[in-house]
Amino acid sequence: MLVNQFLILAAALFSLGVYGLLVRRNIVLILLSVELMLNAVNINLVAFESMIRSADATGQIFTIFIITVAAAEVGIGLAIVLMIFRNRRSADVSDLNLMRW
Amino acid sequence: MEWFDTWGLTLIVFLPLAGALLLGLLPRDNEDALKGTALVVTLAAFGLSLLMITQYDFGGGSYNTYQFEVNETWIGAINSNYHIGVDGISLPLLVLSTFVMVLSVIYSWNHWEEPYNPKGFLILMLILATGMNGTFVALDLVLFFIFFEVVLLPMYFMIGIWGDRTPRKIPGFSREIETRLYASIKFFLFTLFGSAFMLLGFLALYFRSGEFGDRTFDIIQLTELGGMGAFTGTFAFLVFGAMFLGFAVKVPMWPLHTWLPDAHTAAPTVGSVLLAAILLKLGSYAFIRISIPILPEEAASWAPAIAILAVIGIIYGSLACLAQTDMKRLIAFSSVGHMGFVMLGIATMTDIGINAAIIGMVAHGLITGLLFFLAGSMSHRYHTREMARLGGNMKLMPIMGGILAFTAMASLGLPGLAGFWGEFMALVGSYNPLDGLPLGVFRTSMVLGAIGTVLTAGYMLYMLQKVNLGEPKEEWLDKEFHDVDRFEMTAWVPLIILIVIIGFYPRIVFESTTDTVVSLVDTVFGSEITASLNSGG
Amino acid sequence: MTWEIDYLALAPELVIVVTLLVVLALDLFLTRPNKYWTATAAVAGTALAAIPLVILAVEGENVSMFEGSYVVDEFALVLKGLFVVSAYLVLLLSHHYIESERFYQGEYYFLLLASVLGSLVMASARDLIILFIGLELTTGPLFLLAGWRKGDAKSNEASVKYFILGVLSTAILLWGMSMLYGLTGEITFAGLATATAGLADEPAMIVAVLFVIVGFAFKISAAPFHFWAPDTYEGAPTPVTAYLSVNSKAAGFVAFLLVMYLALPELSEIWAPALWILAAASMTLGNLSALRQSNIVRLLAYSSIAQAGFMLVPFAAAAVAGTNIEEGFSATVIYLVIYALMNVGAFATVIAGANRTATGDIDGWAGLGKIDARLGVLIGIFFFSLAGIPPLAGWFAKFAMFRAVILAGGTATVVLAVIAAVNAVIALYYYARVIKAVWLDDAPAEVPARAETPPSVSLRLALLISAALTIVIGFFPAIATFVGDASRIIAAGG
Amino acid sequence: MGAFSDLLLIAAEEAEHAEIHAGDGGWWADTAGIMLILPFVAYLLIIFFGKRLKYQGGEFAVGALAINLLWATVLFVMNMTGGVLDQTTFEIARIGSDLVFELGWVVDGLSIMMYFLVNFVGLLVFIYALGYMEGDVRVANFFASFSIFAGAMLVLVGAPNLIQLIVGWEGVGLASYLLIGHYWEDMDNVKAGNKAFMTNKVADVGLILGAILLGLAIGDFDFGHLSEAAVAGNVELNAVALTGGFLLFFGAMGKSAQFPLHIWLPDAMAGPTPVSALMHAATMVTAGIYLMARVFPLFQNMAQDARPWMIAIGAITLFAIGLLALVANDIKKVLAYSTVSQLGYMMTAVAAGGYTAGLFHLFTHAFFKALLFLGAGSVIHAVHSNDMKDMGGLRKYMPTTYWTFIVGSLALAGIFPLAGFWSKDEILATLGHEGYTTVMWIAIAGAFVTAFYMTRAVALTFFGEYKGHGKPHESGKLMARPLIGLAIPSIFVGVLNIPGVDWPGIGNFTEWLGVRVVAMGDYHPESVDFGLAAVGLAAALLGIVVGWMIWGADRKTQEERDSFAVPVLYPLLRQKYYIDHAALGIVGATTGPLARFVDWTNTYIIDGIVNGVGALTRGLGTFVYGILDQRGVDGIFNGLSAVADSAGSGLRKLQTGRIQQYAASFVAGAIVLAVVFVLVS
């Protein structure tokens, strides 16, 4: 069973997500990066599960929960995006820096 | 008097606090009610403490036995109890505290500093009273710590709100800041710094006591353990050092004294009176009540250092006085010197020295308290404390001047007045310190201390000359000065009388302290300690 | 297998669920002027939730459900009690604030209650999934609430920052959890506790644990993962800030401690030093930064970072020393409880003060004590309590902390104790700055605006309750210690 | 009753071999303490009711001393006839078992003599003062302070132990301070008062330390026990006797104005003349001598080695300071220097073992020196000036003053058969017998000087023609009567102690003074040494003759006055040997700068550190918040992007909003932690 490849994939995805989160200016894209990271985690879990084969498929269960929550997160995120867009007609995070000391 | 044995002490401690709450409910503008309540409450506490004297069994008994003891569980989880009681050492100080509090209330009857707010001021005074009384009777380290700290807040606000508003250039600060602001936070931070370490020391004791049974904060039990030599070595050294920081700041001992002149100078009259009369005693009292009995060996080995610091304090304080131009600041520095004598007495670790310390505390409380009353009333009338501008006070206000002269004489330790005994007996004690302590150090301290008395006389006469004597300056000639008013009289005369009585009949203090102190010294400095000292050198 | 569910044990959560449904429903039917009923419902519901808690506490038997993944024991009850009480207080604050600011009320209370529900779940969670759910349930709604002042750019920014960093931390946390699962095949704490034995040197395990820690460090805003806190606190509506700094922080702490203490005791050599670092860094950074704040909310933000550090100290110290760990645990919990109470109070005074002076600037509060003595006294109580000055509750928190540290012993802990002591003194300085402004400084010549609108009943009530608790606990710390006992019990049991 | 019983015991057994015949004085002795209290009662009465009365409360003062004098006289007579030895004490403090403080009064030959002296001279001076101070400022305060003095002085001489002695000692010091500064509007007077107080305070260090040493050695501070221990050769006492003796002597030097601590006394003349008469001539300044006599057994049996030094000091004082009187123009200063010089005689005598001789001179001196001062006072009262330049020819205007002044001067000069002659002669005899021949000759020379400057004073004051303003007139009865009252004893008291003469029934002064708990074992001549007496008398007469030759001619101008001056000596004398300058110079040069330095350290060093720490913390705050917490994140990324730009890589995109910087630091933190931990483990 080749778990490691999956893990590497997941790690790669995760890093990509991080990178995107760090360099993207558009909030929507940032949200997507987050999705990437969460899904990387999912891959992790599934891969492990396939290795461990626990009695009640804990890994999958966990994954399902994460997917659900992720959806919710994105929902929230989009709501925020809308709010911001309403206020300033842009979804660019780089000009969100009023509160610097 | 069944009820009194159980409730008396608690009442003395918490009546003022109750009074404070009551005042909180009273309307702000109904002044007479406010003052009246405050007076009644403080009088009640004082009366109870007098009653306590009558009920107290001066038969003494051995050290570490207390009367009017109350011992109830307080914080079960850490085995800390509401444990209070008095013995010969704390009784005089407790009475002093309640007594001065009454006088302060009387005095403040018609002396309110700006901003005008009797309600707030009285409430703070009463809280302060609870803190001070409590500290003198607490027999549980945590309880002691609480009371010890409770005095912080009221004093901070007294200084900060009603304090001296003249801006001062303080080295280290870019712009000038008002004395009160600087002084109040300085006072606060200094004390907190000290008590943080003090608390660490207490906790260390607490855990170490666990090795001999239940962990305890109980001073009585810890004293017994200390007597058995439970706390020794590096541990004891560190613990003593930690507590030393806490207490020495309060005393204050050189070089931790610098908060004192500022706080005193800035504080409103009653504030500095209470500060001088009682707050300073908390530290030295703690040395006698906690440091020495619980860590006798350590105390003995620290003694020379304490003596040296004390003497430096005496000389240093007196010299600093000579350089002052501000009357109140001069008096403040004089406290450094006088408390130096107290600490010198304690450092000798002998019954004579410790008795000297106690009567020194009482005397200093009465005398310096009175001095600050006077300083306050005078700056109330002159609107300045600059001695260069004063002068000829005897002509403008003969009675005030007379009382000032009297108090100055008392303060410079004139025999026949209260101040003498503390200084003299401290010197007596330091001629023959505890067996095994380095004679050289202590006898040198004795000589230097004696020289210190000369300096004391020097600055007191200097003050009288500047303030009381000579022709009044032109700026005052056309002004109307009303001499001592009746509230001031009522507040001061008892002090004067007491100063004279103690001066000629110190027994009224010693009657209470002697036996306790003697047995304290006998019990904690048993032969083995002196032996170890002698061997260890 | 059979799932027997003890509904009484779940009653608090259920009550909250019902309440938030009710709120939602009411919000649909009520017309704008009557929206305040939603608030009333929310407050009442939260109060109701306390009843089953009391009953359970009196019964005092531990209920364990779902194969021990969901436990209702004394410890859980104590914390749930804390969450409910503080939530109750925050709701009282909100009532006034939200109404005066003309916000959507129904949704507000709905989301807040959801978050409360999440924190309740966390207190009982004994496996990673439930913990994760609880965590998300707690924080998710707050992302929105932080931006509740929609029109205000600052508020928007607050919510964005909180959101992005929040999800980031969640992701990291999850990554760590997934690794844990992968390496052990367990998700229940009990299971992990046994399965992780001897894995301390596994690099992957180290990374996993650290990622988990980082995830939690965000929730409790411990340095260096605190950057979001000041901005979010400043931008968010003050009641929400209060909730952030009390409930969500407390919830995060609980989860954090539970995971470390129940799930990964075997790996303490990994996380203990990390906690040590977090504690030291948070105290120092938080305090020193707080010295420089001119905005009172921002000051409280940094103060809460520093306080988080203080809270970590006993647990970290004990863990590093490896002795008396349950003492450290209980001390931390005691600190947590006391901190929650006084901090809510502090924020209540902030709301009242801002309401009085129409500004959040410390200098703007000059002379407030002379304009409104009562408020001034309250400010004094809460801020000095935060500074740990006897006889206010704060002293006992600090006391318990030092006690635990000294008990732990050892060099590393002594160093930590000294750092803590120094920080305690520094902290006094900036807390005193607020008091100084309020009491010592003179009021500006012109009377501040809105000085005439008196604080609403609910706000008064909140102030009264928290002040009373702060003082009473200060005089009778025994009240707080039973919390410690409770946590000691779980420590023993776990 | 304290240590009374065992004291009597000692007295009894001493009586065996030292012929001390003593009764216990009965009721009078037991109630003698009233003398110590009445003046203080008077004080209170004066400050509360004084202002209402004619003499501003002087009545109370006089009344108190009058009653006192009754006791004093009765006891004096009893002591003459039978000897009185009694001590009454009560405990005021007890520290454990090892330290007891007592107050009370001792009644023995020495103290009775002092009681009598203080009350008798005191009463006369008080009466005089009633007249002298009439219409002056703050008369009530004056009499109040004066009463304090009387009380404190009696406390001092009645002291059964060192503690009470110290109490009285400082008490009289206080009174002296108050009275010297009576006219405190003038800063000079205030400074004079301070000078007196401070000089004495310095000396008191010796007294206090000495008291501690000796007291702790014998276990209490009781004089009786001290003498007893000294006689019995107590070992512990012996160990500290010399040091203790020196310390006590140092204390005595201050009060009794011994060189070089005499500087305060001349300035003390700033006080009203009655004060100078009673305190700074007759009684207070003799306290030092009294102390030396009190502890005489210590020096007699143990601390003999201290004696040469004491004698040396005394000799210098009696001669060198006497010379200063030659050049003073202020009549009171003349008398002041004379007093110092006479105190030198007493000290020398006591130090040389002449217990009786010294005290007898103290006794006689009190009368005639008080007389002289009062005379001077009456003159000053008449001419409104202290300066003899403004006087002259007064014998015509004020005969009583003149004659009494003459009597006083002759007595002081030691002319047969006046009081001074006998006492001075006995001192010379003692010095001779004890083998201090040089000192004896110095003393004789001193007698010459004494006669010389008194002649000068008399000449300048009463002879020649009046140079002052207005028309001087004799003082009123209140002032004149006391002069006579003092003149009579000045003439006759000398005969009380003619060596070898025992007056029927009362014996002589020596015996009276011998009534102590232990025998003094001092030397007192058994018969008159006519040769020595002749020499002393000759010296005095010579002094008068020379003085008259120089001053008999009425010199009006300063030049004339100075014309006789010895070139070197004269300026030296005018500058009082520069001692005052030196003393003030030293004090000024040390204390002031030291004080300022200490204050400076307080503000800039100690507080500097405190504030420094504060400033440092605040600075740290600024740094941590401003740089690390807020800008740091930027900084890192700006740096990174700079790198990135140069590298032209995609990292340029990192230059983004704040949120992502937070996030980045977040991730960075996590990664760093992870790496570190993995590496560490």
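Just so it is clear, A, B, C and D label the chains in written order, and each chain counts residues from 1 on its own.
The criterion applied here is as follows: a contact is a pair of C-beta atoms (placed from the backbone, for glycine too) under 8 Å apart; a residue touches a chain by one contact, two chains touch by 3 or more.
The structure presented is a predicted model; accordingly, all values stated were derived computationally and were not measured.
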item	value
Centrality ranking, top chain (CA atoms only)	B
Distance from chain D to chain B - Cα centre to Cα centre, in angstrom	34
Separation of mean Cα positions, chain C and chain A [Å, integer]	26
Computed distance of Cα centres, chain D from chain C, in Å	75
Chain A and chain D: spacing of chain centres that average the CA atoms, whole Å	96
Residues of chain B touching at least two other chains	189
Where chain C touches two or more other chains at once, by residue number	160-161, 164, 168, 429
Residues of chain D touching at least two other chains	625-626, 658-660, 663, 667
Touching chain combinations (by label order)	A-C, A-D, B-C, B-D, C-D
Chain B - residues contacting chain C, complex	28, 74-78, 115, 120, 142, 145-146, 149-150, 152-153, 156-157, 160-161, 180-181, 184-185, 188-189, 192-193, 196-197, 199-200, 203-204, 206-207
For the chain D and chain C complex, residues of the former touching the latter	617-618, 620-626, 628-629, 633, 658-660, 662-663, 665-667, 669-670, 673-674, 677-678, 681
Touch list for chain C against partner chain B, complex	370, 373, 380, 384, 389-391, 395, 399, 402-403, 406-407, 417, 421, 424-425, 428-429, 432, 436, 439-440, 476-478, 481-482, 484-485
In the complex with chain D, residue positions of chain A that touch it	18, 21-23, 25, 92-97, 100-101
In the complex with chain C, residue positions of chain A that touch it	7, 14, 17-18, 21, 27, 30, 34, 37-38, 40-41, 44-45, 47-48, 51-52, 54, 58-59, 61-62, 65-66, 69, 72-73, 76-77, 79-80, 83-84, 86-88, 93, 96-99
